[in-house]
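Each structure below is given as structure tokens.
What follows is a pair of complexes built around chain A, which joins chain B in one and chain C in the other.
What follows is the complex of A and B.
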């Protein structure tokens, strides 16, 4: 009897297993073909000089060229500057806004969330077109008119290497906070009221509550947003490509754009692959250290 | 009480004053956030003349659709761009919902050999920057499969994303096992369990997934830009980029083009707002 039950169970289990493999078949196929294979292939390409009719093995040449090229280091520097200016400040803005939304009724909270999220709904190409005109270097351009109000002279926003990076950063500050505001707000609403009540009994002020209750509670959320934000920022490509083309004088050439140019402008597939793997390694290392130093007391 | 003082002790005025001050700050920031979109919309109704002397207005003035017509007249395929975007985004949306939910169910509720290994393998894909895969993927599509400039090239790599599988798995893990067990006792096969029990229970998360996938695909620029080389196969985002580089001085028509690419998503957003806003947190907060 027991044995019969067991074989039955095993048969059901086997049947289930067959179904499961069927259910994941397409996902695995897509993964194998469009993710796993390209990653493996990238390693091989990075050791080759690509030629349409049979590539040539060149050893570590692509890596040597990459590290010997001043533009590569400049693009790394640009990427780090861009990331350091956008990610932490965007997080700070999002955190502040989420805190400010908190005292309102749910309907109003939703309205604000929708407003702040709206730029994320519009396509990046559309937004880059609009910002291009906002940054019109003529005196009639909107940003220049705004500066004029404060008595600051005309700027050649995207066209000068002094302001082009800042122009991209300002655009990021004003359009990429919707998601983090919503995530912060969800985390804030998850803090149990009893903590605040206990703090009130001790006569804690608003800022004391913010410091001793809210910040520790939001640490995992901040870490999540920081890590994903930095990862995304290191891969940034589109705005630089569409708005400045990396210029002027490569002042806004980020690693993502450099790799794109090497691959699809100069058809140096080998070098592009080598640089992309270096980028992947940098991202992995940076993420590791973020978890290491900020994630110490974060529980998952 | 809460983080904020409630001023319940007979001082409602203090609370009103504080909330008004906060509301002003929020509204100012909201205005800064919405300004580019507002500017895009009002400018798109201007005349299709070259910019230059024409200064930009901050208030709606002229109202004409001439710039929209100018944008559509730019290429004989401009309507086709919208159609292509709908075809690609629609296909990717359907395949993602179907295949990601099937895989999510298998990974969350069915026990089979290699389940954890395979899932970790899939997850590891999320760590890899797209720059790593772009060149080999391009070579695969163009030089190996020879399907550049086709719908297949636009759709196949996005058939089902790891992120969506993860999303489905997270949600489905919370469905009680007892429901599945009793369906099994009733004699349902795994496929029937999926269609009759799991899918209906996961409606919300599948709707979120469908909408966000559609939006991502509609807004994506990079991949369609790489694998299309004739105007009739381009999506609206690539078309807009072409228009922008071909007509660098036409202010209003460029804004009209931007509006055309963005408005469908705005409509979708306002009609299905709940799912959008839910979708943001559903992947981020640990399920």
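What follows is the complex of A and C.
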């Protein structure tokens, strides 16, 4: 009996399936070290006042401070505004560009995909430098010159509360659509031509085909891009950090930037960890509702 | 074959795991390594440079150093060689860092509990690391000879409470700087201003005269200060020092920025923009932009001004003369004139010093006396003598050590003597260090500055709030933080 068990065990490990366990183990280990461990660690740190020479347990103080801090709520509001303005419009732009690219031949499609994906390859810092130049507040700035053509006085794009958030949103609208375009295009190419042919026979217009064929077929893709877009947008940090530093008057302070400042500027890792977990909870709730209301009839 | 592949896969997976785990290990840093007791021996260093706790045992001292001056990092190899020649048992291991990376690199190492032994930072960062318990107090290890080498004022900036946490490299004054030709065209007696200073009203009138308009558009402003982002705090800080608030805390440790004088300075900040002497887009002008505006003749006076700007302007002038294409585009020849910040409300002028230096860190384990002494030797080696002389000359800053002055005596510097004298005047009334401010109070003041003062100042500069609104916001935040009795009421 024992011999039979040993033989079976040997078979499992000598079979090709063992390879899978080997590779999964590596991925699992990397995941455990670089994702699971930091999350669990953040959970414990959120109840501590972190110090390199020995942290102190402070109970729920970090959570109390977070919820009692007006800047935290302002940053949440800013993040929601930023997300609401950037994600849907960005999806719309990506979808429109994908539709425009679709009729081209494969080689031209690839060229357009590469062109639109290019900003994703460029460093975020380099992109920010370009946008800082575009938003130069003096009359010599590129955007201000453009306004001057229409007789509009020059704007203090990043230095005024009235325009700073819009400036970041505009930056998001006009860059980084590459991934969404590629995913949309792949989904569009997956729609069987017979649907369009049938619609043509029925004399359907472009918009009718769009409404009755394309949009229903792209619903899973749109849901995926929406959920990942909202998650990414809630975690936005780089643009605010590099372009405005969260100013003026915290008009562009996003939660991600607040967490960064607490952790790396003030060394308040406990409060930063608490805020990170609150942010994770908010993202989870938003994602749940997205799936619940938008993913009802989505099949995968 | 399958067996071989399985073995190979297992070995690869094991190697990856072990290497990753090794990377995560917190042990093994130089500090920890050096924390173990080592046998003592005779020191070969000169007596004047020795520190208490000497030992002839081999030791390595690590230093994280940014490009303090233009050629500073090019000399690292030579510095390490010279140090090793002076102390044959010691190795100075220098890790270069860019200014951009410096804080992040250091903070990461500090929070991991394994910082370098020495890092070059601003003295204003000392309280942050003291609060974390990661700085090494060298007051019991630095020899009287070392201490006597320094001017007392900058050395005080390296202290917190009773502890001494390194040696200063230089004491720089944050002033403002003007274009000589434009100052003279505006009828400003800049030599007199350099010697005797000026009041806010005199300054206001002077910069009005510096404005040049072409129709509705301003071709040249009287004054442009970099205020984008966190730079805005520099602007306000150097102004309020000249309005009876040389520090954020009074001598009896009350928060000073609730004083009525603070409100008056805020009103003046707004007034200069409303006059048209400063651009209305001031809140978005960063350090690079305003220096470009200075070199291209778009402003008569700029801030903040550092002594090294004279060097930078001179270099650009030479490029213009040589028709060198690398001169700043559209720039004109400009002689940089050091000017003091005006004084407000009849208060005495107090200039803003910036003291940077070599700060000494400790690891998780208590360093041994031998290692501590070796770190002190290395910090002193870097912050005095030839290295200090070369670096400070390149930066056009005054020498603050006797050994540095001696070493600099044979070096020539192409510096405007009027500017040199002006800086001496400014140094004579520099704000004194405040090591008596407890770290907790200092940390609260920094957070209040970051979360209330800077955002509100940005809004004030952008004309979105009134000076009174900002003053009330700062006052209520200060009372909340320090209590009604913890703030100045006048």
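Convention: the second predicted complex is superposed on the first by the 272 of 300 C-alpha atoms of A that agree within 3 Å, B and C clash if a C-alpha of one lies under 4 Å from a C-alpha of the other, contacts with A are read in each partner's own complex, and residues count from 1 in each chain.
Please note the rule applied: a contact is a pair of C-beta atoms (placed from the backbone, for glycine too) under 8 Å apart; a residue touches a chain by one contact, two chains touch by 3 or more.
These figures come from a predicted structure and were not determined experimentally.
**Q** Just to be sure I read the superposition right, which of the two partners does A:284 touch: chain B = first, chain C = second, or both, or neither?
**A** A:284 contacts chain B only, not chain C.
**Q** Now for A:215: first (chain B), second (chain C), both, or neither, which partner does it touch?
**A** Neither partner.
**Q** Let me test your reading of the model: by the given contact rule, A:179 touches which partner, first (chain B), second (chain C), both or neither?
**A** The answer is first: A:179 touches chain B but not chain C.
**Q** More residues of chain A in touch with chain C or with chain B?
**A** B
**Q** Identify the partner contact of A:71: answer first if only chain B is touched, second if only chain C is, both if each is, neither if none is.
**A** second
**Q** Per the contact definition in the header, classify A:16: touching chain B only (first), chain C only (second), both, or neither.
**A** both
**Q** Is A:237 touching anything from chain B or chain C once the two structures are fitted on A? First, second, both or neither.
**A** First partner only, chain B.
**Q** Check the residue A:26 against both partner chains and state whether it touches chain B (first), chain C (second), both, or neither.
**A** It touches chain B and chain C both.
**Q** Of the two partner chains, chain B (first) and chain C (second), which one does A:51 touch, if any: first, second, both, or neither?
**A** second
**Q** Quick check on the superposed pair: does A:161 touch chain B, chain C, both, or neither? Answer first, second, both or neither.
**A** second
**Q** Which residues of chain A are in contact with chain B in one complex and with chain C in the other?
**A** In chain A, positions 13, 16, 19, 23, 26, 30, 33, 52, 136, 264, 269 sit in both the chain B and chain C interfaces.
**Q** Help me check something: in the complex, which residues belonging to chain B touch chain A?
**A** 1-5, 18-19, 22-23, 25-26, 29-30, 32-34, 36-37, 39-40, 43, 51, 55-56, 58, 99-100, 102-103, 105-107, 110-113, 115, 118, 121-122, 125, 127-140, 143, 156-157, 159-160, 162, 165, 184, 189-191, 194, 215, 218-219, 221-222, 226, 237, 240-241, 244, 251, 254-255, 257-259, 261-262, 265-266, 268-269, 273, 276-277, 280-281, 284-286
**Q** Can you tell me which positions in chain A touch chain C when the two form their complex?
**A** 13-14, 16, 18-19, 22-23, 25-26, 29-30, 33, 50-53, 71, 135-139, 154, 156-162, 244-250, 261, 264-267, 269
**Q** Which part of chain C faces chain A closely enough to touch in the complex?
**A** Touch residues, chain C against chain A: 2-3, 5-6, 9-10, 12-13, 16-17, 20-21, 24, 104, 107, 110-113, 128, 131-134, 217, 228-230, 279-285, 289, 364, 443, 446-447, 450-451, 454-456, 458-459, 461-462, 464-465.
**Q** Along chain A, where are the residues that touch chain B in the complex?
**A** Against chain B, chain A makes touches at 12-13, 15-17, 19-21, 23-24, 26-28, 30-31, 33-39, 41-42, 45, 52, 93, 97, 99-104, 110, 112-119, 121-127, 129-134, 136, 140-142, 174-175, 177-179, 182-183, 186-188, 191, 193, 196-197, 200, 206, 209-210, 213-214, 221, 224, 231, 234-235, 237-238, 242, 255-256, 259-260, 263-264, 269, 272-273, 275-277, 279-280, 283-284, 287, 300.
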